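Next up: some structures, all given as structure tokens.
Next, two complexes with chain A in common: one pairs it with chain B, the other with chain C.
On to the complex of A and B.
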């Protein structure tokens, strides 16, 4: 049996092609690796690949709307280079710039990154900090699923065959926010994150965001740390305390894993340094 | 004159345009495809190998097992240590060892059938640590060996270590470790075989076509004359294509099926089914006087050779011979032992144990420098070998010793970088320095190269060489040598390369030996051809022999260019008497075998020398290391082609960055590039300057030595030295991972 390729021109065509034997092709930088593995071990391949990268709705990028929308088919390269993304969501642009390599970024899409649901996905960490809600369509209609409900475990989502992620609605950060994305890897490109971190702060600390990836079953909003940031006086003390708390939560959730001797100090350091530099960018006097 | 110029590489246009056909590109429609069935557990006894289900897969033609091997079952690169079963008969020695070979009409069918082979194993007790392997009562990897798991041992004794150590003002003691490393050549192993006129022809990527023919013929029980081995374009080797890989399988299937067959390893097979770099544990004691002069050095080196010997004897000798580094040390005690384990076999990889040993000698000299408060480059200069001094094997170096010049020329760069970084390590930046020496050619054994050069009556100049160009540039360099000697444009010279029907043995493309040794053979062939042409000119023109000149295909008596005649006329005149204008050359560097008790001898006729410096930036909060800059000074004797030399140096530095910071093959965990990291271009430092030092070697062609492996050797210790300076603690274990840097920063596992 050979796998058939279907290039969908619109959402309807995509949905028509998506059944039990089909896989969504949204760039393919994870999917093709997966299919190669199946082929080498003699396992069955999907009957259809439904290429959704040509569907206009999935390529919509509307950063300036009241309800900003990011199409699932937008490539990381586009996130890296788009002026509106850089203006509204610098952490998304920064994340886009460190995914894989240039060749991968030209193909890989944010929706594919989410659907693959790697615990270390750079795109997921970034989206989690922006409160992303996925817009999922199927023949039964449209659902809006918050990211934390969509991702139910390492490389596992709640999506079922026939579902298609169209895009993501994002929170609008408070005016004058500063954002940072940082990735630690074993080399400087084409690497799965050892840790990644997304931070968004505003001068009033009305809605601080902090997400840590590659440390938990899926990238995690550090809500207790966020509450701490919102309630205490910004400054070196607070950054240190936030780092310490993030590391503590890592141990609480994951236990003392073999990676802990590295990750505990690294998480604490990375969190406090990133908070410090993000805050510095806001230029708050005193 | 073309020596010292950099003409375009032979074949570069074809490669740039994607027209070159590598081993893995070989094949024609209708070829059968071969796939190995590999065991995923070891050590183990084969209880059953059921083929019925696999044979029923549509398209399967035949499945071979050990019982089908017509000849010798044990193969191996070193004649006295052939121990590798290419199709396991009873025992699986390492995970990934092949037990059967499927031939099918398509690759898909072959892979499907390979999955369908039912292999039942019963586990045996194994040993996976080379120190445990040498303990009493350790499980034996190969039964019935008098030395048990001890595969290779090399001892070097010079002077009196113990008494000398007592006189030392400062003593430094430390341990170093390195990891298994995968070659990661861009092209995986691949090739094609077919039968023509009742002879077996194999075209595959390789570093070693003449050896391949011999071992494949043994495996098949054929006279070597009935096997022709042709080197396909080879996409990198780094030592990984010195042992045979696909060749015996291709030969077996083509011979027994009488059909053309092809085989290409997947990246996974290339990871689990081929050799690795030996991981080493090195325990060192070094003593120096109060001026920093090295007085005594003791090293206990041990390494894991995995399930098979491969190049273990060579690695044991090389690591030991080079363990003192490019320094004069009067009192030496070195013990190097390589043990069998049930890990994947380790074999040749760029440097044969010397990159590992360099971690130890460079770490030790840094340790002495730090204890005495000396500058790290100055202490190397103080101890660097000079003409007239002896190496650890008692070899007196008389000429072509360029280490002092390497260090001197590197010094201004090193000083500038040190001052940029500043004395304290608050910036997270550090500067390191490292040095090495490396014997060119095989260790203490004859390793000749031969070559043939013909000037045909129709004016072609054809160089026949068995030397495999695997991307390093020997095709280009060997033509330059001929061109320079015969005063013709190298572009005019046709090349017949690495085809056992037409070329004679040039030895392996390994040990950094092709420029020096095959270059020597080619030069001698050119001299012989010139001699023949001159002597015919003499007869024709009744001229005086001593006064002849040749250029651009013409010969004349000095001062009378008007009386020139073309070489073609001379060659045609020879042809009338049925004499072909052929020059043959052979070069075998003079060596003296190492004494088995003391390791004294002359292992190599000449040595390359090098020093490098690196500036790194360490993120002490996350453990990330970025190598910002590297400068490299290499004594190559003479750079026949400076661009090729620079290319080797840059490639070597890149491989060194990988060895230093990220490469570690863990059997069972790594099988492709998904999680086995080699450096990307984003990880590369600026490499500037590249300083080519030329301390000419008397026995080398136009003074040349070699650079292939030396390019890599100093890099990892140099980076380790720089990271150590940045974090304030020595880095003795490779790779210098995020975790190891964090440990160093936080003081975990502190050895001091």
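On to the complex of A and C.
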């Protein structure tokens, strides 16, 4: 059987391949595992792959622009090491650094992380905290889809064959924000998150962001917790209350599962401690 | 269309490589380079670590066609005349028992020492986090990486074919 592999050089080539029935290949760290499983089961393998990682638009990283843009083909290794990412979006750099291993981070892309839509994906928690809106192109045109609408459930997106994620527009955090990304797993490296957390705070609490990941079917900002943070006086009591509220919402959405006696206190402590350390970084007196 | 890439310093051209083939299957089954091991096959163990344009990747997760026009180095590419200093250090430090993880460990170590001549313990642990060893308990491997750093610093002999 003759198969076809297209290393697309631009968006037009990629879309032409997709319209011709090709499947999208980005870093491949999820797709190649999936194909291995198909091969072992004797199931049919794709006959046409279009590799989109060489498309210039997908590699654009424009953190300092008025409308910051993160290309879908940017690898986690690049997020981990890029100076502008570390300066503008430290939580994105921190998330990039804890994905898989170095070997995986050299391949895996932020766009692939979104398209795969694992509930435990570290990239999704980080992007949700930054209000990411995906730029999706197809031969029918361009759509801008908020991340929380793009991912409609575990490993499920609203994308259809022919769609290509070009990148993500990100909110600009208020000047002087402090950000944290934290991951809880069975070990420190090469681990799938049991839970992860992205937090962004500023001194005036004008736009606090808090996303708890791997605890819900799809990424979401905890808007009630964010409202609480914006309305009360910052301090140990508020951090405790925010942790308690996050744990309560976790149970409301996911029910009281067998893991709940472990996860509920972990959520509460993870949220309150991360808020405390993020606030401490802002160095507000009192 | 043929898949053309540089492997351990030589240019190779292969026909009939399916779009879904892994770089690992091409190295082992088409080129007979059996030094690169398949451990888990899903990117967890690092036994298949090779360098793609100088950066460590899991060959089991890398589509073979991603290597087109690029440069791949495997464990076979390290030793030129006698063992490479990183290989010597692994032997001398007792960092090998069954040896299955060793090619991957050595490729990750080699990539680390190319980036940073004098890595501290945390750098080493982070660089090797994607390489599992079920025999040595890692102490001897950490010793080997430090010994390799000292050797390479002394000899400046870090020239690898195509690297």
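Keep this in mind: the second predicted complex is superposed on the first by the 280 of 286 C-alpha atoms of A that agree within 3 Å, B and C clash if a C-alpha of one lies under 4 Å from a C-alpha of the other, contacts with A are read in each partner's own complex, and residues count from 1 in each chain.
What we mean here is this: contacts are C-beta pairs under 8 Å (C-beta built on N, C-alpha and C of every residue); 3 or more make two chains touch, one makes a residue touch a chain.
All values derive from a computational prediction rather than experimental measurement.
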Partner chain(s) touched by A:261 [first = chain B, second = chain C, both, neither]: first
Contacts of A:51 with chain B and chain C, given as first, second, both or neither: second
Touched partner set for A:41, first chain B, second chain C, both or neither: first
First (chain B), second (chain C), both or neither touched by A:104: second
Greater chain A contact set [chain C / chain B]: C
First, second, both or neither for A:33, with chain B first and chain C second: both
Partner chain in contact with A:184 - chain B first, chain C second, else both or neither: first
Shared chain A contacts, counted only where both chain B and chain C touch the same residue: 33, 39, 101, 188-190
Residue numbers on chain C that touch chain A, as the complex places them: 18-20, 22, 41-44, 46, 49, 52, 55-58, 60-63, 65-66, 68, 108, 126-127, 129-131
Of all residues in chain A, those that touch chain B in their complex: 33, 39-42, 101, 184, 186-192, 194-195, 261-262, 265-266, 269-270, 273
Chain A residues touching chain C - in the complex, by the definition given at the top: 1, 3-5, 7, 25, 27-29, 32-33, 35-36, 39, 45-49, 51, 53, 77, 100-104, 106-107, 188-190
Chain B to chain A touching residues, read off their complex: 108, 111-112, 115-116, 266, 268, 621-624, 626, 661-662, 674-675, 677, 679-683, 737-739, 742-743, 746, 748
